[in-house]
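These notes open a run of structures that come right after.
Below are two complexes that have subunit A in common, paired first with subunit B and then with subunit C.
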Partner chain A sequence: MSLLEVRGLKTYFYTRRGVVKVLDGLNFALEPGQIVGLVGETGSGKSVTGFSILRLVRRPGRIVGGEVVFEGRDLLKLPEPQMAALRGRDIAMIFQNPRTALNPLITVGRFLEQVLHFRAGLPRNRTRDEAVRLLSAVHIPDPERRLSSYPHQLSGGMAQRVMIAAAVAARPKLLIADEPTTGLDVTVQAQIMRLLRELRDQTGTAQILITHDLGLASEVCDAIAVMYAGEIVEFAPTRTLFATPKHPYTRGLLASRPKLGQTGEIPGIRGAVPDLMNPPRGCRFHPRCPHAFTRCRVERPRPVYVSPDHYATCFLLEEEGHA
Partner chain B sequence: MRVLRYVLRRLALLVPVLLGTLFIAFFLTRVLPGNPIDRVAGPYISQEKREAMKREARLDLPFYQQFYLYLADLVTKGDMGTSYTTAQPVTRDLLQRFPATLELVLYGMGLAVVLAIPLGVLSALHKDSPVDHAGRVIAVVGVSVPVFWLGLVLLYVFFLKLQWAPPPIGRLPPTMSPPPHVTGLYTLDALLAGQWDVFKAALSALALPAVSLAVTAMAPLARMTRSAMVEALESEYVRAARALGLPQHVIIWDYAFRNAVIPILTIFAGVFGYALGGVVLVEFIFSWPGLGLYTLNAILSSDFPAIQGAILLVTTVYVFIYLLLDLAVAAIDPRVEV
Partner chain C sequence: MLKRVAQSEVLYRIKQNPTTLLGLGIVIFMFGLAVFAPWVAPYDPLEKHFDHVSEPPSRQFWMGTDQFGQDIFSRVVWAARLDLFIAATAVAISLVVGSLLGALSGYLGGWFDEMFMRLMDILQAFPSLILAMGIAFALGPGVFTVIVATSAVNIPGYARLMRSTLLSEKQRTYVLAARAVGNPPWRILFRHLIPNALTPVLVNATLHFGWAILEAAGLSFLGLGVAVPNAEWGVMINMGLQDFWQGHWWAYTFPGVFIALTVLGFNLVGDGLSDLLDPRRARQ
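Let's look at the complex of A and B:
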């Protein structure tokens, strides 16, 4: 059984100017211990997916449909107290900007001890030792002393390690990492990614890695979901995705990565991400797609499986006879 | 040690501030029409006698000399001159009246805080709900009701009709003598002396004026509490705390409120300072023998020494309030260094 199965998830934002359908029927699944990357441009709905799973979408956003099945239970049907009991304990999340995600007025120690006491259920007299152990597990030097640091005294990478330590304190089965390395130095990025991977290898924590960086995702993820305008347009094991991308958008993304030794212009994808208030009819990618034909402009493509673990939402595949 | 140095540095700043305000007070009193000699002497006194009185009060001297001599007396002898209205040294007048005002303002502000902060927190937690709207209505009514009108209505209802409150004739009934002087705050002194009946009498005399003061101070406090809490509750760290599943009480108090306290304190310092000045209407209605009433009378009768003394005192208190505010903020926020 999958650890997490997202089916037809719809999250809309009811703004004054109209309804923005940020997620309009999202499907994907995650196996225990697996790391899946959600890759897409800014505004493609990656972060909203993470917040929707935890049911922490902010107003005016609202989850209006679908299922988020975690260990056989539909989270969207749970009463709020049960959902709250699950956050941090079964599913935890880390954020894009670790320094604003930490309360500026409490120390690292107090923060971790609170998480350990309330979420991992540790008695007060054992939280301090455990906090030290957590900090050293995320490779923070001199953890004892770090307990009395305030967030503004930490570097970005250090703050993200603290966040990770807090997120894994209660040994969740799923960790959602929302752009965990954006804004960090490249060397620190690599360290954080290594840490996340190490975490999975040691404790079997499944992860959803939300990123706009396909290269980064390819280094740690077992499978990658490519998101475009609130939909997953292609889902495949990382290697398969890179070897045989099926969706024109994925191909465009892969082609637009600069390669070493390459000269001349880097091919991009023409056009821009559509306005989700008035998304294009039919396939949301068709205005930018070099292969678009009549059907793409009127009908919405459904996932087409080219193999049991690889699908793409593109009519070209049906034409090729995969359906 | 660093804190002590900071405090001393701030107190040193008090000197130029006081010099400046004193200069302005000196200047304004002497430029505006009216002077104490005319008041005291009346219209029928001889010109020589009037001149003699002026000389005695140094009012015949040039402005800068008056200023210099006043400063010299103040610094060397702590002498602020003698009030023309009370015929007492101004220093003594102030020492008697300031505790009365301070006690009233402390109770008023205490009440305002106790009412406004829970109201603001509740409004923020139930943003845009009926609770929030009700809170806003209470706050708006509080700020729109004139304090003198409120005082009169309270008196009408609780003194005249229900007879729960004592008459508006000061801090204690005329038959009761004040508790032994320690702080000058009657309720505190009465407690220290173990005089229960005096404590109760002082407290019931405080009730209506303190409520009048509190109602007007509540609105800005409640509004700031609400907006600071709303902002904190929508912050990234509260969202992260939710994602970690921290319990609601930790999120509300340790995350949101702790961060909201700083703007609330800042507004509170302003409201407190404003109340020290605005208390005059309340003192007038309740015949409260405080600083506000004293200053008002001093201004109305061109009592120069009394005006100068009162302004010096209020300025000093202001500076102290903001010093305390900065120390409190530094204690709460590790990013602020003193």
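Let's look at the complex of A and C:
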């Protein structure tokens, strides 16, 4: 059984200008211990997906339909207190710009000890030692001394490690990492990525890594879901995705990565992300797609499986006879 | 936050700022009078010296005597105790009640927020002294009345300020992060939001201290607050004014000067503090 199964998830934002259908029927599944990357441009709905799973979508956003089945229970049907009890204990989340994600008035030690006491259910007299252990597990030097640090005294990388330590304190089964390395140095990025992977290998925590950086995702993810305009347009094991991308958008993304020693212009994807208030009819990518034909403009493509663990939502595949 | 204030930097910067230092001096002086009133005042503030009625300042009565032969200097000193007590209590009550209600309103939002803010609008639609007079009139004179009236008229200001800072704090990522580790709503409000939104409210409270003294003295001056024979600055000005045409200037001038000085002192401290604690203003 899948650890998490998202079925037909719809999250709309009710703005003054109209309804923005950020997610309009999203589907994907996650196996225990698996790391899946949600990759897409800004505004493709990848962060909203993360927040929707934890039911932390802020107004004017609202989850209007679908199911988020976690260990057999539909989270969207849980009463709020039960949902709150599940956050941080079964599903945890870390954020971009980690320094703003820590309460500026609470020391690292107090923060961790509270999470350990309330979430992991540790008695008060054991939280301090466990906090030190957690900090050293995320490779923070001199953890004893760090307990009394305030967030403004931490570097970005350090703050993210603290966030990770807090997130895994209660040994959650799923960790949602929303652009965890945005705003960090490249070297620190690599360290954080290694840490996330290490965590999975040691504790078996499944992870959803939300990022706009395909290269970064390829370093740690077992599988990658490419998102475009609120839909997953291709889902495949990382290696397969890089070797045989099926969706024109994925191909465009892969082609637009700069390569070492490359001269001349980097090929981009022409056009811009569609306005989700009035998404294009049919395939949402068709206005930018070099291969678009009549059917793409009227009919919404459905996932076409090229192998049991690889699908893409594109009519081209049907034409090729995969359906 | 309080710990950080106590630590060095803020204290150092106060010392660099002569007007704040002056204000601090005045405030400390007034509190000193209030605390040590029994030792500073040469006479009982209510004692009537019948052979020294309405005398101008002299070596025996430094600030003269009023129409009952009471020593004005002793009364001014004792009044510092009463007025500071009233102001402190009123500020504390409006601070706690106002910011709690404002925080709740901003946090809950929706119809509660709407109703509560409209109620605050109604309260603020009256000039505050008129409203205070109305409340004081309904309750009848007394120290308790002054405290209730003064704190009631200041509650909307604190509520509004707390609500607006809380609304902006609410948007910050750490609140989301706190929810993501499973904090229940009341913990988010009391552990995360209120402490982070408190600084401007506290600064406002120091600024309000002077106003509270003015309001309290004003009510008593009008005869709606502390009753007549008591030693209170507003009451003393009122009594002194009755002898205005006889030219007994000392009877109303000295309490007036003390009110002005105290209000000035608190305002200087409040201004200095808001410069120190508000990073946006400090950078200018």
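Criterion: the second predicted complex is superposed on the first by the 323 of 323 C-alpha atoms of A that agree within 3 Å, B and C clash if a C-alpha of one lies under 4 Å from a C-alpha of the other, contacts with A are read in each partner's own complex, and residues count from 1 in each chain.
The working rule: a contact is a pair of C-beta atoms (placed from the backbone, for glycine too) under 8 Å apart; a residue touches a chain by one contact, two chains touch by 3 or more.
Please read these numbers as outputs of a predicted model, since none were measured by experiment.
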item: Clash or fit (per the criteria above) of subunit B with subunit C on subunit A; value: clash
item: First, second, both or neither for A:F95, with subunit B first and subunit C second; value: both
item: Partner chain(s) touched by A:R197 [first = subunit B, second = subunit C, both, neither]; value: neither
item: Partner chain(s) touched by A:H212 [first = subunit B, second = subunit C, both, neither]; value: neither
item: Contacts of A:R73 with subunit B and subunit C, given as first, second, both or neither; value: neither
item: First, second, both or neither for A:L86, with subunit B first and subunit C second; value: both
item: Contacts of A:H152 with subunit B and subunit C, given as first, second, both or neither; value: first
item: Subunit B and subunit C contact sites that coincide on subunit A, given as residue numbers; value: 54, 56, 58, 84-89, 92-93, 95, 97, 100-106, 115, 118-119, 163, 166-167
item: Subunit A residues touching subunit B - in the complex, by the definition given at the top; value: 54, 56, 58, 84-89, 92-93, 95, 97, 100-106, 114-115, 118-119, 150, 152-153, 163, 166-167, 170
item: Complex interface listing, subunit A residues touching subunit C; value: 54, 56, 58, 81, 84-89, 92-95, 97, 100-106, 115, 118-119, 163, 166-167
item: Residues on subunit B engaged by subunit A in the complex (per definition of touch); value: 234-237, 239-248, 250, 254-255, 258-259, 332-335
item: Subunit A partner contacts - residues on subunit C that touch it in the complex; value: 1, 172-174, 176-184, 191-192, 195-196
